[in-house]
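Chain lettering (A, B and C) follows the sequence in which the chains are written, and residue indices restart at 1 in each chain.
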Amino acid sequence: MSLKNVLENWSDYRKGHEQGGHHDYEHMWVMAVDLDKCTGCNACSVACYAENNLAVVGKERMMKGQGMHWLRVERYWDEPQIGGDDGQFQSAGGSFLPMMCQHCNAATCEPVCPVAATYHTPDGLNAQVYNRCIGSRYCSNNCPYRLRYFNFFSYYEESWPEPLNQQLNPDLSVRDKGVMEKCTFCVQRIRTAKDTARREGRAVQDGDAVTACAQTCPTQAIVFGDMLDKESRVSKIWAKQQVELGKTKQVKANPELRGYRILEGLNTDPCIMYLDRVREV
Amino acid sequence: MSGNDINRRDFLKFMGLGGAGAVTLSGCDMPTTVTLEEGKEEVVSYLAPEEYVIPGIGVWYASTCQQCPSGCGVHGRVREGRVLKLEGNPDSPVNAGVLCQMGQASLQGHYNPDRITKPMVRKGGNLTEVSWEEAIELVNSKVGAANGKVAMLTGAMSGHQAELMDTYLAKIGGKDHFVYETINNAVAEAVNAEMFGSAQPRYNLDKAGAVLSFGADFLATWVSPMHFSQQYAKFRTGNRGVLIAVEPNMSLTGANADMWVPAKPGTEGVIALGVANVLISKKMVDGSVLPVDALATISQYGVDKVTAETGVGGDVLVRIATYLKERSPSLVLAGASAQSNTGGSQVVAAVNALNILLGNVGKTIGAEDAFPVKSLAPRRGSSAALAAFAKGADAGDYEVAFIYNTNPLYSAPAGLELNGKLAKVGLKVALSMFPDETTLAADVVLPLASPYEDWGTQVPGYLPSEGGLNVQQPLMRPLYSTVKGLGDVLLVLAKAAGAEELNQYADFYAYLQAGFAAMPASIKGGMSDAEFWSKSRQKGFVAVANSQGSLNVKVGDLAQVADKAGSDFPMHLAPAARAGMYDGRNANLPWLQEQPDPITKVFWDSWAELHPSTAAKLGVKEGDFIRVESAQGSLEVQVYVYKGVHPDVVAVPMGRGHDEYGRFASREKGVNPLKLIGGDVDAKSGELALYSTKVRVSKTGRSAEMPRLGGSESQVGRRLVSTVSADVYRRTEGGGNNVA
Amino acid sequence: MLNIRIVSKLFDSGMRVVSRRRGLMALLMACCLGLGSGVAQAEVPNAVAPKGTHSGEHVPQPIDFPHDIHADINGINCMYCHTYARRSKVAGIPPTSKCMGCHSVIATDKPRIQQLTEYWEKNEPPRWKKVHDVPDFVHFTHEKHLQRFVFENEGMNVENVDQVCAFCHGDVKKMTVAEKTKPLTMGFCVRCHEANEGPSDCWHCHK
């Protein structure tokens, strides 16, 4: 969508998602993350560093919350659903939560950007256009998941001393200070998959586009794919869990099913569905 | 995106290792922040590329990850002559397409700014850059005069490099090749060999309904984590197995357990026998599978005695026993915290006996597959090897010692007093990529090519069925023209030592190619030599019909060794291994330094884990510095307080606290718990008892903010990570109901 | 014959995106002003003049490669040497082996060829200077443009591919060492995208 389009269709654009979205979507990239399979091992996060030219900022800046981990694995000790942790020990382990941009279809970050540097693509992605970004940080302040990362400094100057810079992925930019960045669902890999399919004269198939995190996940807890492809693995998982896009509250025929979206009640319509962690109780 | 169908043949023709047709292609499409100024950036073409190499399009080549001994297959994405990204090789029987954080970050070792690029020789006390010729000549002359008093100290090895190292060692009359790994499974290997007739039996977590792990962190550091992670995923689907972890402080595996039970290191065997006792006394299993002596021993470990010795209550023992029985077949594993004790062998014996009692042998524990070509088989690491080397060095047995792929001056327990002993070796030759502690203490430093610049083969230490010989091939031309591959260095040395049979090989590549041609027909599967060589490189490994051994169950004495009581040092030290820093080898990889530890979420620095009750007694809270003292020394470190550690244990993970090792390891130093560890060993196997050291913990009064990922540790009632009971899961998705 | 609607006047003075740190405000203003009026502005007040130039500044190259001799006098198709253009995002500098394919026999007495032969014998390709460059946050692919304007373009003959190339690269046939004659700014791209209904999604071209 061009900026012109954004401006001309502003109100549709904000309201559209509940009627299936303003766009004529070509794809709707979504994820399913099984928290019972996720072991919290960090492989996804490091794969993201490798794929997306994420800067290493060092201890001091990490402590100030300036880490650039587009995919961070959160860990909680309490389990509110199965009743507290009053015991003497952490007897059911920890709760791990891989958090990356939720690519909300009604993203709260998008309308507050003064220059439309963040917007929704016809692929259902929440895009961040680095060269358009002026660094107002409104988007980050408006993100309920805290998944946008700001370049407060020129991190790249210290992050890749030669020859580490030779590892940088040429398919996406190295961001300089003053720019907001976040998980893109590995848009460069999606782009490559689409280009390859086009070159081979076929449609994009399930499994052509895989994000770096989903690819490397040792337990394959992350599944990525196109929701518009009814045969894709991910859309089958969503369907099986009776979770639908475009809803503020899911009405499930079987309320015991594990699928849920985080902070769904905020009406952000996130594109990542999580599946409950399971424990013997 | 995967490129497994790319024809891999003739790769080297344009990558330059083959000699003619070298190419450099830096600068082309390299991301920078310089933009849009004509005449500023350079474009360099290929010299003579293969047809399928197209600038702007990544090509994937197969190789093998060297970051730990488990031998995962990787695909490296190569574009414009640079390797950019690694992914698991989907065909690999070890990891089937997935890769852990260490594998992902291994590229930062390859591109590390602190790599050694020139050979060095100690002159007048200082390491001075010299030519390869001079360095090799010095080594040859010293080896020639050593009369066979030569030792090799290496990390885990296998394949053609190991074969060549043996040839060299034999030629110079040396016989001592010490294979040392800090993180190993050596005690269990010794006991398994005795009890099952198989040092490293095959485990099938995916077939188990319940897994009881005594400190075996199979999701992160134990034996073959990526292989077991895949089995774990299957274990958790369908009827969803139950995972029980018993360990001194929470490992990644423990954090995923349904039931986490704290135990003092060394008491795991008592708990295992306690569970066996419950199983027998409650008539859940038939005890007659065990010999009478063993049953007599088990009968002494009644619930009361076990609770008194370990603090684990009878209800917990019964619950564990019930899970193991009801979800049969089960699997019981022993990892570092259980093995690495003065009574470690006895703990493993008790764990194995529990497996036998539960009828798991033959179901979830299978016979080992031995790799048929003996000279290539894995040399698994142990710490007894380091102790033996230290002893030999101290006795003046070695005029020359080669040290490769291990950093003992960092990782040796203080009790071994290695510094002084190593100094008694006349000439220490380090074959190394990085200026680590050991390399900088060497007399000759030979800079090695990175694993992604070098040729080789590996047989994984834990060989899955269908597993075989992994091929390690260069993903790019060496970054520095002055480094050499391990095989090439060994070949030069062996030729100089008079190994005439090697003169026909111009380089290690030729040696390797001949080695493939010489493989038995059963492995080559009817292919011509050229086809076999080409296919193997393309695929990244050679599948081998391994010879299946059989398990012969033999149960010996199960009595547990009591803990040494000492009032000066009341607490146990757990030098926990974590994926990430691992045994310290990854401290120079910034991606891993910046990753918050999965459990404590600490980054870039060390920490000590304390239980809230212990912290309260000491009067410390998160971020306070404590002093941890053993008979060997002391260190000061910040505290992380949580309920995932036994109250009598202070856990300080290893991996940080390097004196040397480049800019990233020394930026934030951290502490090295191994420097508190004494020289105790497991009496039976001779393995260093890393978990037997007792310490005293005191408050320093200093405090600082903890370098920890921010945010609440509680979900404050929100549905962030929501948890449901396994009953609900089985109702909705159990059995064949599962989609994912 | 060429199925590209060429826009007569390109607005080329204001929309030059320069290195972020220096040109941020310029970019912002250019965006706002340009959109405010609904049409592209030929002149944007206060905008920073683009760095570099598109008026054909001579970039010294290791060898003064004569495009005119190859493409004009000898009529060699652009894609004969820039063979990757139809398959990849980059058109690619031809591999040295390709040059030597002809020049191991042709014109071996000429000093430039001798220079080339020297490189070849040293196993070292010449280090060319980039003339046509887009910022690193731009994802441009030659392949798609060639597909659209050459291979899927009815009436377009592959022999005349140089006319398509010339749209962005100028009349290279008449040059020796290639010189930049088109601005290659975002405005330059967008004009053509709008005229030919090319994609207008930001993430199509920005990375």
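Points to keep in mind about this one:
We take it that contacts are C-beta pairs under 8 Å (C-beta built on N, C-alpha and C of every residue); 3 or more make two chains touch, one makes a residue touch a chain.
Fair warning: this is a prediction, and the values are worked out from it, not measured in the lab.
In terms of which chains touch, the assembly is arranged so that all chains touch all other chains. Here B-C and A-C are compared, and the pair linked by more C-beta contacts is B-C. Per-chain CA centroids place chain A at a distance of 32 Å from chain B.
Remark: chain B and chain C have CA centroids separated by 50 Å (rounded to whole angstrom). Chain centres here are Cα means. That of chain A falls 35 Å from that of chain C.
Among the residues of chain C, those in touch with two or more other chains are 17, 19-20, 87, 135-137. Counting partners per residue, chain A has 172-174, 176 as the residues that reach two or more other chains.
Multi-chain contact residues, meaning those touching two or more other chains, occur in chain B at positions 29, 31-33.
By the touch criterion stated above, chain B contacts chain C in their complex at residues 20-24, 27-29, 31-49, 54-57. Those residues of chain A that touch chain C in the shared complex are 1-5, 7, 115, 119, 121-123, 125, 127, 129-132, 134-135, 171-174, 176-179, 187-188, 191, 195, 198-199. Residues of chain A touching chain B in their complex: 32, 34-37, 39-43, 45-47, 49-51, 53, 56-59, 62-63, 65, 67, 69, 72-82, 85, 87-97, 146, 156, 159, 161-170, 172-174, 176, 189, 192-193, 208, 210, 212, 215-221, 223, 233, 236-237, 240, 254, 256-258, 260, 262-263, 274-281.
Remark: chain C residues 16-20, 50-53, 57, 59-60, 84, 87-90, 92-97, 120, 123-137, 180, 184 touch chain B in the complex.
Residues 17, 19-21, 24, 27-28, 31-32, 35, 38, 87, 135-137, 139, 141, 143-144, 200-203, 206-207 of chain C touch chain A in their complex.
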